[in-house]
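Have a look at the structure below before the remarks.
Per-chain numbering from 1; labels A, B, C and D assigned in written order.
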Amino acid sequence: MLSFENDYNKGAHPKILEALLKTNDTVLSGYGEDQFTKSAKQKIKEACGLPEAEVYFLAGGTQTNMIVISTMLRDYEGVVAAVTGHISQHEAGSIEYSGHEVLTIPEHQGKMLASELEAFIKDFYADENHEHMVFPGMVYLSHPTEYGTLYTKEELTAIHKVTEAYEIPLFLDGARLGYGLMSDDTDLTLKDIAELTDVFYIGGTKVGALCGEAVVFTKKNMPAHFVNSVKKRGGLLAKGRVLGVQFDTLFTDDLYFEISRHAILMAEKLKDLLKKKGYRFFLESPTNQQFVILKNDEYERLRKEVALSFWEKIGDTETVVRFATSWATTDEELERLEEIL
Amino acid sequence: MLSFENDYNKGAHPKILEALLKTNDTVLSGYGEDQFTKSAKQKIKEACGLPEAEVYFLAGGTQTNMIVISTMLRDYEGVVAAVTGHISQHEAGSIEYSGHEVLTIPEHQGKMLASELEAFIKDFYADENHEHMVFPGMVYLSHPTEYGTLYTKEELTAIHKVTEAYEIPLFLDGARLGYGLMSDDTDLTLKDIAELTDVFYIGGTKVGALCGEAVVFTKKNMPAHFVNSVKKRGGLLAKGRVLGVQFDTLFTDDLYFEISRHAILMAEKLKDLLKKKGYRFFLESPTNQQFVILKNDEYERLRKEVALSFWEKIGDTETVVRFATSWATTDEELERLEEIL
Amino acid sequence: MLSFENDYNKGAHPKILEALLKTNDTVLSGYGEDQFTKSAKQKIKEACGLPEAEVYFLAGGTQTNMIVISTMLRDYEGVVAAVTGHISQHEAGSIEYSGHEVLTIPEHQGKMLASELEAFIKDFYADENHEHMVFPGMVYLSHPTEYGTLYTKEELTAIHKVTEAYEIPLFLDGARLGYGLMSDDTDLTLKDIAELTDVFYIGGTKVGALCGEAVVFTKKNMPAHFVNSVKKRGGLLAKGRVLGVQFDTLFTDDLYFEISRHAILMAEKLKDLLKKKGYRFFLESPTNQQFVILKNDEYERLRKEVALSFWEKIGDTETVVRFATSWATTDEELERLEEIL
Amino acid sequence: MLSFENDYNKGAHPKILEALLKTNDTVLSGYGEDQFTKSAKQKIKEACGLPEAEVYFLAGGTQTNMIVISTMLRDYEGVVAAVTGHISQHEAGSIEYSGHEVLTIPEHQGKMLASELEAFIKDFYADENHEHMVFPGMVYLSHPTEYGTLYTKEELTAIHKVTEAYEIPLFLDGARLGYGLMSDDTDLTLKDIAELTDVFYIGGTKVGALCGEAVVFTKKNMPAHFVNSVKKRGGLLAKGRVLGVQFDTLFTDDLYFEISRHAILMAEKLKDLLKKKGYRFFLESPTNQQFVILKNDEYERLRKEVALSFWEKIGDTETVVRFATSWATTDEELERLEEIL
């Protein structure tokens, strides 16, 4: 069936499979101590303009969020996120499983405001009972957000200033980072992000890899014996090469950016098509996820022919659905969609 | 200094100390296997009208909430609470420490609405992605609430119907239960509460004991080997007698109710006094906690003479403070307060 | 460099990569809801002779052990393992991270004895203080063990009888199960294992896959909402196909067994070679891991030319090392080893 | 019934009850911010000869062990203990509940040897795979041990040297510290212990208090925002005065030492009596716990008249039982015991 359900419904970019094939017989050390992992780390540090960064590969997004957050928070701290943040809603309580609270603040099309973040932290310290409350010990945001929206450089800088002032790390969830960086509507580069955050990750699973996320610790702040904490949480792959080879490929000849750009171009075409057909957008998204409001019966009819993602109900009669393009979306798929709509 | 700061600023009711003294030389088994603990359990079951109930004594409120919730939730579940619920704000993230999320719904003067609770659960199951989200596995409410307000029998019955329909336990935090039961403005009896909840606790720390809360499992639903889970969480006292003797005293000759009633009478006098003096109330509370809005400078002046509880800021110029009476409040204290105001 | 370091130092079996390539463009649902995952599950159930079994794919061994154990144990329970069990020594405390203790009993060349297991459990219940101790709530064993040894059918049956008598699940860690099943020295079949255990897993990572372990719940005992618990622990891959396609390939035309057999044949040749060269064996292993005692200087010399696995020190002068063959070991590698030795 | 079952089978020392009574009407701040708690801390610091120490009161032993250990360990660390250490056997897995492993080394009449401790840590770092194993991050010992035995100054100094060399804290569980300090057979003073450990606690529950343990951080090493971590684990009492007043009393006019000495004198009499009657001792204990080997039928007969503590079975015919004296044991009780024996 035709699918715009998500950006992980196909396998991997052909060059990744090719690289896995080519390196398959090479004997390599396990647990990420192989040469491809090292090379991939080097290339990512260069792309970030941060020779001193520390890079670590993990298998999936929820795992990455949980491991990064729970190893960086102190015992008495929680992580602040927009109420729609992925960790707050859609990760089955994995932050809580690690013993920490997600402290939520309002969202605006998926984004947090620096001003509201600052007010939240200020109010916390102004509260005379705060020693009995969970301390804000980290800020989490996703870029693109769960709604496909993007922070501007000014917005991210403002948030960065707050976290810097309160000396707590800023963590950017980049599960779809490529799609954010290659949007027409962004003034944030990878180097900006590396500079403005304390830790972030470059998503692979949704951007052409079979699996894998590249965590970048930007301030020599990787937790001590991180590999041990990763294993303790079940996140250490024996064949670390699987992640190393993939990211080494993605960061060779700008493949990561190129395929991300493709998804954006496809998203623009999709947007035009949906607009042309008169669909109502739930919000304006500059990346690969597009949110459309459908009457419930329209949704039921459409989903028989195109796989879409349920987002949320609006009252009893309408449903918000998500159309996603990806590195693998083809013109042919868009044409078939046009016919169906 | 004169204090209306809280309901735990004095020791224990004299009869409790007397009982501790009287039983002091008696050799007793440890860990709650003593005769006073057994007698106390029996008396509580009778007061609840529930001969089949299981009663267990713990030392404090946060501990009780954490132990009850974390032993009753399944792995994939969280607990639903009003956003102002004590577990959600003022317990340092102890539910999260146990690996579970607190799922928040709106509050109305500290109370949740059955309709909003039901909508929350319904929406959860209507969400096509709910298998990746934290399941609502229990409902937590406090009675009196953190704002001193009370559920009516109709309201609690409506919430009970929701939890019954979804087959999840309803847990009532009764840290100040006595003050709720003895309010003039309630139609809920202890037996009603025992009938309408799956588990609740009768607070001792704030109602005349040195420490101690009596958990009542109303449906033969005490978790298996509960004593083990209590010890695992550090909550088992070697001298279980300390809790047993206290609750045995509190539930002899209706002492618990009598001293709770005293606090209510004192609260009524306090309310009259505050009204007479022209203070603005933050909300109407029928129990022992009274919330008043003060100008910040007034607050600063007043707190030099009377210990009060900071509640929250309203903008930059006003502060909500709490006056609390208790089983130990004296007429003399009210008179001194009148002089100061 | 020549390597007998472990059984995960090369990529995947060519047929697996081929299948990944072939299915790469197929649009599939995420999170294990795809047709290849379903097909793989079906094939595994057939291979186990258990049409009613439930099969679930996870990415790695530590993750699998942690998820299975922590979702099946009750709050007051721990898991019993031989002191050399992988969960007890080499998984960075991941079972403890999940809140449960590993209760250790003696090992005999890596194996536990049914008699000692039974005595341990009996003693636990005979201890009058056992309500304050961690209850034995599951038994964990690895087959092959960490020392390459194998349980006989009689031994596994005896252990099964103990766990059945005490109504606790028996969990078999089959990270290298293929190598155990294809050994010349075993009378245990896959069907026997499915019958004698409550849950076990069929290792992929060490037997030809890029990553992946197939957990088999044999008694309709998969924990409710297991996918949620998996996600909560960071173990859910968005592209579940990665695991599904691999296991579908491994269980087509007996590939899993065939490549396991290859490793055993290579191990037999290796053993002969080592014996011929006069090496002293630490113990007699019938599977793909061979343990040899080397003088420390010999070890230092050898490791410059052949990658080996450090196992343990014996006093100050000797070291136990592990040689491992795998599905990917070649005759040429054995020849090169012979030259070096 | 006559009882030598344990040292917590009576209430509190009369002076403690008297002090609770005397301070009962005094209005005090909650959560340990009261003047009695401050005074108690000051007296304990003086008794320890450590003006810079930080003292914190908790309610019980398991709670104290769990809170101290889990707040001081780093993510990748576990705590080393003798295999008979209380945390390893009799605390329902509470250290594991906090996410950390108890790493066990051999015991010798309840004690660990510095040499075996050092070997254990050395071996850990010598193991080439140790990055995948739980790091030894703290050493736990009890003094007196679970068998009533005591470390000599030389032994404790040797252990201290090991922990100092590896820069990990040494934690001494002093649940029965008074009985150790007042033994005839010790050369360790309270000041020695304060000097040789990084953190330890002075037990109250078993030495005359209703409940309560005084944790002493000796090196300005109390974890940041400790009160928050305590609350998070359910260990914060609203009426901190209950602990403060008790310890203030115990450390006034050497009461703690005086009542501990009484228990030792009673133990010496008990020992003489048991020897006279021909009982076989399981080991030689210089403190208030005495372990005796009884034939099973003898045990069954005796326990009908005297409450004793089951310790362990020896084969099928004998049982080790514990007789304990305490601050509250009377000469009359010893006389009654003599009659019975």
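Some observations on this one:
The rule is short, and it goes like this: a contact is a pair of C-beta atoms (placed from the backbone, for glycine too) under 8 Å apart; a residue touches a chain by one contact, two chains touch by 3 or more.
Computed from a predicted structure; not experimentally measured.
When the interfaces C-D and A-C are ranked by C-beta pairs in contact, the top one is A-C.
Among the other chains, B has the CA centre that is most remote from the centre of chain C. For the pair chain B and chain C, the distance between mean C-alpha positions equals 49 Å.
Taking the mean of the C-alpha atoms as each chain's centre, chain C and chain D sit 41 Å apart. Taking each chain's centre as the mean of its C-alpha atoms, chain A lies 33 Å from chain C. Residue positions 76, 91-93, 97, 99, 132-133, 228-229, 231-232, 236 of chain B are each in touch with at least two other chains. By the touch criterion given at the top, residues 1-3, 5-6, 8-12, 14, 17, 20-21, 23-30, 59-64, 66-67, 91-94, 97, 205-206, 210-211, 228-229, 231-239, 241-242, 307, 328 of chain A touch chain C in their complex.
Within the complex formed with chain D, the residues of chain C that make contact are 76, 78, 89-93, 95-97, 99-102, 123, 126-129, 132-134, 310, 312-313. By the touch criterion given at the top, residues 31, 70-71, 74-76, 99, 131-133, 135, 223-225, 227-229, 231-232, 236 of chain B touch chain C in their complex.
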